[in-house]
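Each of the next two complexes has chain A plus one more chain, namely chain B in the first and chain C in the second.
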Partner chain A sequence: MLKIVVCVKAVPDPKLACDLKIDPVTKTLLRCDVPMVLNSLDKHALEAALQIKAENGAYICVLSMGPPEAGSIVKECMALGADKGILLSDPCFGGADAYATAYTLATGVQKIGDVDAVLCGMASSDGATEWVGPEMAVMLGMPVVTRVREIIVGNDESWEVKSALENGYRRMRVRLPALLTVTRDLNAPRALSFSGIIKARKKVITQWRLDDLGVSAETVGIKGSPTIVTEMCAVDNARRVTFLEGTREEKAEQLLQKLIEGGLL
Partner chain B sequence: MNHDNNPIWVIADQENCKLLPVTPQLVGQARLLADVLATSVEVVLLGEGIDTHTEKIFAAGADRIYVGDHPDLAMYHPEVYTDVIVKLTLEHHPQIMLMGSTSMGRELAPLVAARLETGLTAHCIDLRINQKGILEQKIPAYGGEITIVCPERRPQMATVAQGVFPSPSPEGGRGGEIVSIQGPFLPSDRIQTLELVMEEPDGIPLDTASCVIAGGAGAGDLQGWNQIVELAAILNAGLGCTRPAVDEGWAELDTMIGQSGKMVNPETYLGIGLSGEQQHMVGVTGANVMIAINSDKKSPVFEQVDVGIVDDCRDFVPVLLEKIRKYKEQQTSCQ
Partner chain C sequence: MIDFTFTEEQEMFRKAAREFAETKLAPQVAEMEKTGEVSDAVVKALGEAEMMAITIPEEYGGLGLGYTERLIALEEISRVSVATAMMLQVFALGIEPIVKFGSEELKHKYLPGLASGKRLATTAVTEATGGSDPTGIKSAYTKDGDTFIVNGRKCFITNSHLADTITILAKADDNPKAFCAFVIDKDMPGWKPTHKEHKVGMRGCNTGELSFEDLKIGPEQLLGEEGKGLRVTMAAIGDVGRGGMVGTALGLQAACIEESIKFANQRILYGKPISALQTIQNKIAEMKIDLEAGRLLGYRAAAIQDVGGRSSNEFAVAKYYTTEAAQKAAKMAVDIHGGYGCMEEYPVSRFWRDSAVLGPSAGTSDIMKVIIARWAMS
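Take a look at the complex of A and B:
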């Protein structure tokens, strides 16, 4: 049976993310007061795994690196139908850039062992680098296809997928084990069901710390990160605004005149 | 190793034998950085039948081009391209490597960075050399700008979207050295491209539109969004959006404007139901007139525009549409 790992990230709720500020001392995110949610694209990655499981049978393992609170999103994935949930959590893992994140997750995938496919979102909603998937693939020695918008599962040896390009797509065949990063066009994620939540209550999350991964503290978190954030500054793109006044009709009339002056009509 | 004099590299980006504008833009910026560091600019150009591009790349400021012109390199292949670039890098040790945030660059850059075990900064909006000779990579975040550096590992890698840096005015007669990259190239059958399908983009292309309308979360639902679509159509404007519009499924990712999307430089920009978040606004440069429609008078978007309309866009846009239609009818009946 296929063993699929889905990487899921806990991100600050995008609806409240504008409240986020950088910690001027540690230069990492101060995110304590914004609730963490499952990264939106990762729902599509999980949905893809669940559909493969329904059609062909698969064992789905959800993997996340994050603070202990990130356990809630792992639990959510188990309620949606994942068979196992693993949280990589250790104070050493904090402050990781994309490289160190990819390394830590790759070590987790290796510890899980005998993995046929790793699914990631194309991007997170907070860092949004798109690096974690491809970098992990290199570290795991797997081929990668990014921006997958359709998975046509073939046999246990290779899959056919469509990878989105600007104004088009590539249809590709990739040999397993492989890593895919997915876009929201791939599927429509299912909603949490009540019975799923009840069942997930009994499931336990496996937590792995630095020692469990058997890697040195120098290779993870802020210490293992090639990049660092050095400064933050405010930006001034201020313009002096003139508000159009009057009734809705009057405002629309004034805007129409502006558009005509601008040569748009 | 002392990296101070090592070159700055740009990985060229071409599609169907056409050089993408981001390449000369990056070469132009690399030239400025190289002059600060007193080093050279080198470009890696891979493909087939691409030697016609070298002139343009030299004119943009390159000193040397590594050309891999070969049937095996004709189409971008993640593993083959990564392998070529990694091998060249290990031979020549560039201190900086820049790529476009294009379909290719967004996948290739992390593959190369991971192989070279170095850092990579995503979607930069500015690049500078600091007093220590290190590349400062600026990205917008949290209402401001943050600086990312890669202090120790090399090369220092970054991706930049098309349109962030200006297209340099070509320096005619500028030449340089061409070094041809010899095969054999990595045979890779783990990934195969079976088919490349191009789809017709709908609407006015954003990059060249003289008026750009961007819609945001304030559209509320698909119906509200469709009013904005209609407005863009009637004004012959390019239609862009913010992240939430993509998340809601109203708009395609390709039309997102901002740091991780498209850069636009229209004459007129009209933002509807969006908050003026930095990550979006950095995508709009050089507009003569910026206009915003937002129901919240205190929205930060109003600090960044010339003309503000405080109103519910779901009520306002239909009224505006009606007025535009009437005006257009009058125009045609006058003729």
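Take a look at the complex of A and C:
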């Protein structure tokens, strides 16, 4: 049976993004009690795995690195139908950049073992570097296809996938084990169901700490991060309103001019 | 210490219910308001989301969850559609007598279909001559051997034209003290829904009349003992009916607060949003106090019920408090909106109309006080 790992990230609820603040000194996000939710694209990654499971049978393991509170999103994934949930949580993992995150997650995937496919979202809604998936693939020595919008499961050896391009898509066959990062066009994620929540009662979340992964503290978290965010600022997204004056024809002419000036025509 | 927190699982139920309400119900609300008719899409969605299965035991195809979970679901649904919460709450009111008083045969016959939403339930007690005083009902049964024959009419019945599995209360033809509760279904000739009401609020939730003409009911359809049917329906109304109105009222209160804050932050007067005015803040604070207090009353009553206690007195307090508070909140929400509050484009006008219907359902506030006084003085 296929073993699929889905990487899921707990992110501050994007609906409440306006409540987030930036620490002027450390340049990190201050969560200000904004609740953590499952990164939206990761729901599509999980849904893809669940559909593969329904059609061909598969064992789905959800993997997340984050603080203990991220356990609730792992639990949610199990209520949605994942078989196993692993939370990589240790104070040492804090402050990781995309590289250190990819490294920690890749170590987790290796520890899970015999993995046929790793599915990630194309991007998170907070950091949104789009690097974690591809970096993990390099570390795991797996082929990677990014921006996947369709998966056609061939056999246990290879899958056919469509990867989104700006004006179309690229169709390719990828040898397993492989890593895919997915877009929202891939599927419509299922809703959380009451009976799914009840079934998840029997499923436990395994927590792996630094020692469990058997890696040095120097390689993870802020210490293992080669990138440092040096500047971060809130962009003021104000709108400008201009009232056009004159006859209807004059206003149409002015509007046309404005659209041309704005590079919209 | 008393633990006032919801479990992680209960929080997840709330999340699921909220997602359901926002994605599946919200898009149907405008059409329900316009036509006043039940939305088939909503009924189907409720079934698919297992909303009717919540309190049905697992061995009969239900989820076997508690009244706290039911209250959570109703609160979230009512926040988006009070009409849908009312419909759902009365489905449960129709299910409860079968769960609590039905024979094994009746449970196996009806509960799996009710859990999946293939069957839809209600309870019919009220008549023109008996609402607050259910002993005043005139629907009567006579007996032909083992068979009961019922004649009469019911009014103000939620889901009257929708339900196919109904708990009814009838009085013995020859004994004003003997009542029987029966479950009837669509395959039994001799009953039909008749008049449909047009309510000021909760549009999209069906209320109407039922008529029984020589309705023949076998003894196997009895709920509880012959002659003791009043207890059956009153127990269901006392816990599930009142509890359901609490969930419905709490959701409406939450919606009133949200819409009021949204509007108050957008409406600029004197160069500032009106949310900066203390008078507006005072109203919002009052609504919030009522909501917090109502939640404590309601969830406490549900918690008592979940551990198998009787909670109809506690629910009488909660029902009184929350339905009155919801009416107050809806008026304040309309007031905060100024003239806009009277316009149908703003949801608060719907909240106001919906809130008016909360009062009498499952017993008026006067009746709640009668019950509460009896409790206090006992």
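Please note the rule applied: the second predicted complex is superposed on the first by the 225 of 265 C-alpha atoms of A that agree within 3 Å, B and C clash if a C-alpha of one lies under 4 Å from a C-alpha of the other, contacts with A are read in each partner's own complex, and residues count from 1 in each chain.
Going forward, contacts are C-beta pairs under 8 Å (C-beta built on N, C-alpha and C of every residue); 3 or more make two chains touch, one makes a residue touch a chain.
Note that the structure is predicted; figures quoted are calculated from it, not measured.
Trainee: Using the superposition on chain A described above, determine whether A:A191 touches chain B (first), chain C (second), both, or neither.
Mentor: A:A191 contacts chain C only, not chain B.
Trainee: Touching A:R201, do we find chain B (first), chain C (second), both, or neither?
Mentor: Touch partner of A:R201: chain C, not chain B.
Trainee: Looking at A:E76 after the superposition, I want to know if it touches chain B, chain C, both of them or none. Which is it: first, second, both, neither?
Mentor: second
Trainee: Counting only touches as set out at the top, which of chain B and chain C does A:L256 meet: first, second, both, neither?
Mentor: first
Trainee: Can A:P143 be said to touch chain B (first), chain C (second), both, or neither?
Mentor: A:P143 contacts chain B only, not chain C.
Trainee: Residues of chain A touched by chain B versus by chain C: which partner has the larger set?
Mentor: Partner touching more chain A residues in the overlay: B.
Trainee: Using the superposition on A, tell me which residues of chain A are in contact with chain B and, in the other complex, with chain C.
Mentor: No residue sits in both footprints.
Trainee: Tell me, which parts of chain C touch chain A in their complex?
Mentor: So the residues of chain C in touch with chain A come to 8-9, 11-13, 15-16, 19-20, 23, 49-50, 53-54, 63, 65, 69.
Trainee: In their shared complex, at which residues does chain B touch chain A?
Mentor: Answer in residue numbers: 78-79, 102-103, 106-107, 109-111, 113-115, 117-123, 136, 140-153, 188-201, 211, 235-237, 243-244, 246-247, 249, 253-254, 260, 267-268, 275, 277-278, 281, 288-292, 297, 302-311, 315-316, 319-320, 322-324, 327-328, 331.
Trainee: Spell out the part of chain A that touches chain B in their complex, as residue ranges.
Mentor: My answer: residues 14, 18, 20-22, 40, 97-99, 102, 123, 125, 127-131, 133-135, 137-139, 143-147, 160, 164-175, 178, 183-184, 225-235, 237-244, 248-249, 251-253, 255-256, 258-260, 262, 264-265.
Trainee: For chain A, which residues are in contact with chain C within the complex?
Mentor: Answer in residue numbers: 72, 75-76, 79, 191-195, 197-198, 201.
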